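Below are two complexes that have subunit A in common, paired first with subunit B and then with subunit C.
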Partner chain A sequence: MEIAADVAVIGGGMAGLVAGTVASQAGLSVVVLSRGHGATADCSGAIDVIGYLPLATTPTVSAIEGLHLLAALHVLHPYSILGLERESLVVDGDVVVKRVQETIEWFLSTVAESELRHVGSLDSTIMACSPLGTLKPTALLQQTMWSDSLMDEDNVVMFAGIRGYPDFHSGMAAKTFLEERQALREGPRRVINCTVDLSNLLPVSNLSAIELARLFDTEEGLRHLAESLQSHVEGTGASHVVLPPVLGLEHAATARSELESRLGAEVIETISFPPSIPGTRLQAALEAALERAGGRLLKGHEVVGTETSKDRVTGIKARGPRRSVSVTAKSYVLATGKFVGGGLAGDERGLRETVFGLQVFDGDRMSVTETRPQKLTDLTWVTERGHRLYTCGIGVDEHLRPVGLDGRVYAANLFGAGAVLAGYNYITEKSGLGVAIATGHAAAIEAVNFATEAKS
Partner chain B sequence: MSDYDVVVIGGGSTGTAVARDCQIRGLKTLLLERDDIASGTVGTCAGMISSGLKYMNEPEIVDMCSSEVVHLKRIARHIIMKNPILTPMLEMSDLSSGGNFAEEYSKRAAEREVPPVMFLTPEDSLKIEPMLNPDIIASLYFEEYFIDPFRLCLLQAIDAKRRGADIRTYCEVTNIIVQDGRVTGVEFFDRLTGRLESVSTRIVVNATGPWAEKVAALAGMPLELRLNKGAHVILDRRVVNVGVIAKAVDGRMIYLFPHENTVVLGTTALDTWEDPDSVRASHDEIEYLLKSMEWVVPSIREARVVRAMEGIRPLVADWKIPEGDVTRGYRIMDHAGDGGEGMISFTGGKLVMCRHMAESVTDIICEKLGVERECRTHLEPLPGNEDDVDVLALASEYGMSAHVVERMRARRGTEVRAVLELTRDRPNWKTKICTCEPVIEAEIRYSIRHEFPQTVDDLRRRLRIGTGPCQGTFCTYKAAAILAEELGLTGQQYLHEVLSYLAERWKGKRPPMRGGQLPLEEMAQGMYACVANLDHTGPPRERQPWEEV
Partner chain C sequence: MSEEEAYEFVKNTLRDEGIVPYHGQELEVVKSVEQCMNCGLCLNHCPVVRAVGVDRFSGPRGIAVELSRSPPEYWSTADTIYLCTGCGTCREVCPKNVDIPSVVILMRARIFKRRSDLVPKSLLQLSATLTKYGLAFTPWEDEEDKAESRDARLERHGLPHIEDRIKPGAEVLYYPGCQAEERSQEIREAAKLILDYFGIDFTLPTEMSCCGLPAKLIGDEETARSLASRLTEQVRSLKVRAVITTCAGCTSRILEIAEEENWGVPVYHMVEFLAERVGIDRLGAEFSKGASEGGITVTVHDPCHLIRHVSRLVMDSALEILGAIPDVELADSGVADSCCGGGGLVGYHAADVSSLVTARNIEAITRRDPDRVVAPCPLCTSQIENELYRHGSGIEVDDLTVYIAKHLPLRR
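Let's turn to the complex of A and B:
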C-alpha cells in the first residue's frame, strides 16, 4: 500500500501524537505510524515538566523557574533548544517559557476535548502521590489525582486497597506517606488504611488494573465500591480517600465525583505504575485528538526502511500486521522514544538510533555509538544523578533537525521530538511528558513550515 | 560446660550440611552465617550435582560424586530434577576424547538410574534439541541431576533447626577465642539487633568457602586457598530444553543448562585475588561464554541476557598447575597442629559433596568429643521429601492452576499442602505476586513465618521471586510490602527493602546489559526512580562492596 501525506510522524506516543495533531490542525495531511501502543500508555498519569534540575536535591518551585534555570545552565536541554539563538548560542529563557506554556495550554485544551481534564500549571510545582505513598514533584495531574486540601493538618487520610489486587498495598503506602509527612513536619497527622472486598463482583484473587477499571466504568461496580468504602469512611471519619488509579477508563472524573458525594469525603487516585489506567486514558485521549483533527493513525506499523536523497528524506517503509506500507511525505517527524519506545537500541557494540541510523549522543553531546550500555551506567542503581544512559539520544539543531558528529543536518525535512532526543534525563528530572509535548509541538511547527514551503 | 558442642561458621551448602549432621548425631550445634543461608558461593552455582565426570583422572572423586547423587536423590528428591545433556561435536578430534568419558560415566550410570552414554547421529541429536547447529558431526548423550542449591541449604538448615540446632543468620563472627592451644568460644556481631554476643564451644567448624582464610585468621590459624572465580550468564528463556556442553574458545568445556524458566550459561574459571564480596561478572567473561556457545547453539544471541553472576570457588591450594588440574576433592584442615585444637577448616569441595564433607568432619568431631554415633544424613529425608505429592489433586482441591502448584512443589514437596491451606481463610492469598515464576502471596507469607527471611533478597533465595525474565521489576514493591507487613517494618524500612533488592538485582543485570534488556531496565527506572521518586526521596542506603569502583 502506498500513502502520500504532507507530514509523516514516526511514533505514536505523546510526542508523535502531539506532532500529528498539531500538523493536522494546521490543515496538512498527516499520517502517524505507531509500532505498538506507545510508551505513553505506560505513563503514570502525571505530566511532568521539570520537577528537579539536573543534580538538584530539592524540587523546582515552579516549572517556569525550572525552565529559566535550564535555559541559563543547560544549553543542550531540549527545552533550551526551543529558545536557542543560532548565532549567539544563547538561550532566551523567556522564549522557552513562552513556548512551553503555549504548548501545555494547547495540550490541556486538546485532551480536555477528549474528556480528559488536568489540574496544575507551570506556575507552581505540585506533589503527586505514588502507589508507594511517596510524593513526586510534577506540573500537571489528571484531575482525579489531585485534591487541593489533601495536605491540611486536620485531615484523616485513608489509603484504600482492594483485596486480591496486588499492585497497591494500602498499609505500606499509608505508612510511607505518614512517615514522610512527619519527617517534614507537614500535612495530615492522621493517616490510616483499609482494604475493600469486591468479591461479589470479581474474583477474589489476581485482580488486574484493567479488570477493576472496567468494573468501575459500570454503575453497579462503582456503587459497590462506594458501599464497601462507606463503613470504613464512617468508622474512621476519613476526610480523604486515596485509591489506586483504577477509577475507570471511560469516565473517571464522573466516577470520582459520584464517590465523593456518596462518601462525603474527597477521593483521589495515586499516580500509576505500569500497567497504567491513567496512561491508557491519556493515550486514548491523544489518539482521539488526532482523529478529530483529521490525522491518520496506523497502529502496529513499524518503520523498517527509509529512503533519502541528497539532503531529504524521500520515503519510509513500514510493516504492518498484514501488509507493507510505503509512505512519502514532504516532512517527517521522528518521535520514536527511547528504549521502551524503541527509538534507541543498544548492544555490546554501542547505542544506535533504530529508524535512520542517526548519530547517538549522550547529554554532553559526546558520541555513544561505540559505547556499550553498561559503561553509561552507575554501579548504584538509584542515585539523584541518574544514569548517563538515559540522557542519550539524537542531537538536534535549533529547528529540531537531527545532526551528525560534525553538527551537520542529516536531512532538511526530518525533525526529532520526545524521548529520542539527547540532553535530558526524564527519570531524575521528572520532565518526560513535558519535553514530549513541547518538542512534539515544536517539531510539528517546523514540519508544517517545511511542508508548506515545499508545497508553494 | 560449654554453651555448644559445635559452632559452625558459614551457611552455605557445607556449613548447613555440617550443622545438620552434628545435630542429628546429638551434638549441640550453633550455625552462624554473616548474611543469609546460601548467600555466598553456592548461590552462584548452576545447581548441577555432577556425577564427577569432569574429574575422570580422579576416579575416587568420581565414585564419591556418583554415590552422593544417589544419597541426595534419596533425601531431597523433591528439589532435584534430571536433565538430559548433549555434547555436540563439530570436529573429528572431539570424538576421540568422548570415548574415555563415556566409559567412565557408564560404569556408574546404573546406580544413579541413568542410561549409559550414547553416541548420537546429527539427525538424532537435532530431534532431541532442534536448536543445535545442524553442522555437528555427532553428539554424546547422557543425563545429570540438578538440585535447587538454595533450597538444599535452607532445608539442611531447617532440618537442623527442627532437631534443636540454633541457626543464626546475619551474625558475623568477629573473634574466635583460643586459650592454651584450644578453641573455647566465638564472639559475633548480630547485625539484626546490633549486639555483640559471645558463646563458648568445644569445636569450631570453618565452612566459609572463599572467606575461610579470613575466618581462620580470627583464630590466628594459617590457611591457604586458591580462589578461582566463575561467571554465569542467565538468559530470559529456555533457548534449549536439554543441557548442552561445548568446547569454549580456549578449549575448556562450558555448558548451557535449562534452569527453571531460564537457561544458565557457564562458566569461566579465573584465578582471583579479589574480595569475594565485591566480585562482579566482567565483560570478557560474558563475551567468552556467548561466543563459545554460539558455535553449537547459533540462536543464543536472540535471547535476552537478563543477568550475569559471579561466584568464587574456594579451591584447594595446589599451585603452578592449571585451574582445571586442581583437585575437585576437598581437604579438612585440623588446626590442632597449629595450636588450635577444636578448630577445623575446609578447603576445596563441590556442591555435590557437601553432605560427604559434613559426614567426614562430623566423624572427626565425634572422635574428638568421644561421641559414638553413626552418620544418618544420607538416610533421613529433608523436610518436604517425606512422601509423594499429587500436584493435580492439590490443584483441583484448592482451585489453583497446576502450574503454580507444580512450581511450588519443586520447592517444597509435601509442604505444599500447608501453604495452600492458608488460602482457605484467605483466598486472596492465591494472588500471584511474582508472575514470572509464579509465586503466590500465601507462599511468601508461609516463607516469612517459617523460613526466617529478613529481606526480599532472602525471599528470592527461598522462593525464586524476582529471578525470572523481569528480574523483580514488577514484584519487588509487592513482595517487599508483604515482608514489611509481616515483620512490622516502618515505611522507610520498606522503601529501603525495595531499593536494596533492586540494587542487588542490578549487580547482575548491569554487566551484560544489551538488547531487549534496555527497555526493561528503562521501565524499572521509570517506575522506581521516576514515578515513585525514590532517586530523590528514597531512604539513604549504604553502598555494598560490589557497588564500589
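Let's turn to the complex of A and C:
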C-alpha cells in the first residue's frame, strides 16, 4: 500500500497533531502517522509553558518573563531556537516571545473550536491545584480547573471525593492544601472535605475515572452528583467545591456551570493523574482539529523504515498489524516524543533515536549515544536540577532540522518537534506541552515552506 | 540430591502447580506485557469497560497486571478474561502497544489446558463442534434444506444463484468462512457473483473448514493448529496464487496462518482485492449500469478484525467502493470504529455484556438514522442487525459484499 502527501508527520501527540493541523490549514495534503497515544493523552490538563527557569526554586512570574530569561541564558533551549539568529548565534527574546504567543493563541482558538476551552495566558503564571492538594505553576488550564477567587481568605473550600473512587482522597488533599496555606499565611482559612455517595448509580468500590466521566456526561449522573453535594454544601456553607477531574469527556464546561448554579458555590476540577480524563479531552480535541483542517490521521501504524537519498528523506515505511504502507512526502516532521512516546530508547549501549537513528544529545549538546541511561540520572530523586536523562533528545538547527555531531544537517526536509528535542527538562521546568505546541507549530511552517518550494 | 536431580525436582513441582515455561511466540507476548507502564490509558478506550465498568471487567490494564502473576492465579481471573471482545483498541492506543488481545488468548489457552472446568460451558460446546465438524456451527443435516435457506436469502436480496466452482489451479481461492458457509449464505453467493462478473479465475475450497479463530479465542490451541494445517493443505493442493475472504475475522486469522506457515500467497479481504485488482473506476462504471436505489444514506461499520488486526487502510478500499456506487451518500455515525460487541466469543456466554457493548453503536446509528448500515464482515453485520431489531429499529443492515453484488448489473 502507498500513501503520497505533501507533509508526513511521525507521531500523533501534541507536537505531531499541531504540526499536522497547521500544515493542513496551509492547504497542503498531510498524513499523521500514530503508533499509539503518548504523554499528551495522559497529561494533567494544564498546558505548561515555562513554570520554573532551570535551577530556580521559585516559579516564573509570567511565561513571558521566563521566555525572555531563557533566551538570554539558554541558547539551545527549544524556545530559544525559535529566535536564534544563525550568523551571530544570538537569541532575540522578543522574537521568541512573539512566536510562542502567536502559537499559543492559535492553539487556544483551534481547540476551542473542538469545544475545549482554557483559561490563563503568558502574562502571568497561575497555580493549578493537584489531586494531592498541592499547587503547581502553569500557564494555561482547562477552563473547568480554574476559579479566580479560590484563594480568597474568607472562602470555605471543600474537597469532595466520590465513594469507591480510589484515585482521589479528599481528606488528604484538604489537609495538604490547608497546611500549605497556613505555612504561607495566605489563602482560605477554612478547608474541609466530604465524600459523596453515588451507590444508586455505580458500584461502591473499584471505580475508574472514565466511568465517572461518562456518568457525568449524562443528565441523570450530573443531577445525582449535584444532589449528593447539595447537603454537604448547605451544611458547611462551602463557597468552593474541588472535585477530581472527572466532569465528563464531552461537555465538562456545561456540567460545571450546571453544578455551580444548582449548588450556589464555585466548582473546580483538580488537574489529573494518569489515566487522565483531561488528557483524553485534549487528545480528542486535537484529533478533531486535524480532521477539520482536512489532514489525515492514520492510527495503529508504526514507522519502521526510512529512505534517504543525498540530503533528503525520500520515503518512510510504516507497519500496521498485518499490512505495510510506504509513505512519500515532500517534507517530514519527526514528533515521536521522548520515553513514553517512544521517540527515544535507551539500553546498556546508550541512547538512540528510534526512527532515523539520529544523533542524541543531552541538554548541553554533549553526545549521549554511548552513555548508559543510568549515568544520566541523579541519586536524589527530586531536585531542582532534575535528571539529565530528561534533557536528552535530538539536536536541531534554527530551522528545527536535526543535526549531527559536526553540526551538519541530517536532511533538508526533516524537521523535529516536541519531546524528541534535546535541551529542556520538562519535568523541572514545567514546559512540556508548551514546547510541543511552539515547536510543532514552527516545524510545520518549515515543512510547509519546504514542500511549497519543492512543488513550484 | 545432585544439582541435576534438584532441578528436575523443582521443575516437576512447578509443573504440578501448572507453572510451565513459555515458548516461542508466547515469549513475545509476555515480553510485550513487560512494557506495560500501568498508565491506564487503555481503560479510557476499552469498549467493555465502557459497557460494564472496571468492577465487572478489570480492563486491559488489569489483564496486563494479572499476567505478571504466576500462572495458577490465571484460574482466579477466568471470569474476567472471557469478557474481552478482542477488539484490539487497547493495543492501538497503548503507548507501548502491549499486545493485550494475544495475552488474553494466551491466558485462555492455559486455562483451557489445565482447568477446563473454568471455561464457560458454551465455549466448551463450541470447541466440541469445531473438533467434530471442523466448523463453528453444526452443519445442515439435509443439503436440500441448506439450498432452500440459501435460495430464500438470495430471493430476499434479489440475487441470482450460480453454481459452485471448484477448480484446482485457479488464480484465487475464495474462502467463505463459517458464517457465510452455514448461516449468511447470501454473502458466499454474492462473492461468487462478484468474482464471476469480473472474470476472476476463482475456486471455492474443496472442503470447507473453519479458519480456527474461534478455537484460538476459546484457548483450544490443538484444534486451532489442526484447522490451520487443513487450510494450509487446501491452499497448497489447489495451487492458488491468492486467497480472498469476505469475513474480517477470517482475514486476520488467515493472514496470521499464512505468515506462520510461510504460504507465500497474499491474503485479501474482498474489498481490498476489488479496489486493487478491478479498480474503483471500473467498479463505478459497472455500478452505474446496475439498478439504482435512488438517493440513500449508508452508515459504515469498521470491523475491528480489519482495522485493528490488519490495518486501518483496509477501510479506504471499502469507502472508495461505496463512494463509487451512484446515489449513495455516506452517513458517519461518529462511532464507526467502535467494537460491535460480537467479538471474542463474549456473546456465547455473556450475551448481556455483548449487547451492552453494541449499545453504543445502536444508539449512534439510530440517532444518525441512515437508510442502511453496511459492514465488510458477516459477524459484525449479524450482531448489529440483531441488536437493531431488538431495539425495534427498521434500519436495514447488509454485509458489504452483498451490497456490492446488489449494485452490479447481474442477469437475474
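The rule is simple: the second predicted complex is superposed on the first by the 455 of 456 C-alpha atoms of A that agree within 3 Å, B and C clash if a C-alpha of one lies under 4 Å from a C-alpha of the other, contacts with A are read in each partner's own complex, and residues count from 1 in each chain.
In this text, a residue touches a chain if its C-beta (ideal position, glycine included) is under 8 Å from a C-beta of that chain, and two chains touch if they have at least 3 such contacts.
This one's a predicted model, so the numbers in the text were calculated from it and none came from an experiment.
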Side-by-side fit of subunit B and subunit C on subunit A, or clash: clash
Touched partner set for A:E87, first subunit B, second subunit C, both or neither: neither
Contacts of A:D42 with subunit B and subunit C, given as first, second, both or neither: both
Which of subunit B and subunit C A:T383 touches, first, second, both or neither: first
Which of subunit B and subunit C A:T57 touches, first, second, both or neither: first
Contacts of A:K136 with subunit B and subunit C, given as first, second, both or neither: first
Partner chain(s) touched by A:G342 [first = subunit B, second = subunit C, both, neither]: both
Contacts of A:R323 with subunit B and subunit C, given as first, second, both or neither: second
Partner chain(s) touched by A:P274 [first = subunit B, second = subunit C, both, neither]: both
Dominant contact partner of subunit A by residue count, subunit C or subunit B: B
First, second, both or neither for A:N206, with subunit B first and subunit C second: both
Residues of subunit A that lie at the interface with subunit B and also at the interface with subunit C: 42, 205-207, 274, 340, 342
Sites on subunit A touched by subunit B in the complex: 42, 44, 46, 48, 52, 57, 59, 130-137, 163-167, 169, 171-172, 175-180, 199, 204-207, 271-274, 338-340, 342, 344-348, 372-374, 377, 379-384, 386-387, 389-390, 426-428, 430, 432
Subunit C contact footprint on subunit A (complex, rising order): 1, 35-39, 41-42, 202-203, 205-211, 214, 274-275, 277, 280, 298-302, 320-323, 325, 340-342
Residue ranges of subunit C touching subunit A (in the complex, touch as defined): 37, 39-41, 43-44, 49-50, 53-55, 59, 88, 92-97, 252, 255-256, 259, 307-314
Residue ranges of subunit B touching subunit A (in the complex, touch as defined): 283, 287, 427-433, 441, 477-478, 480-482, 484-485, 490-492, 494-495, 498-499, 502-503, 505-506, 510-515, 518-519, 521-523, 525-538, 543, 546-549
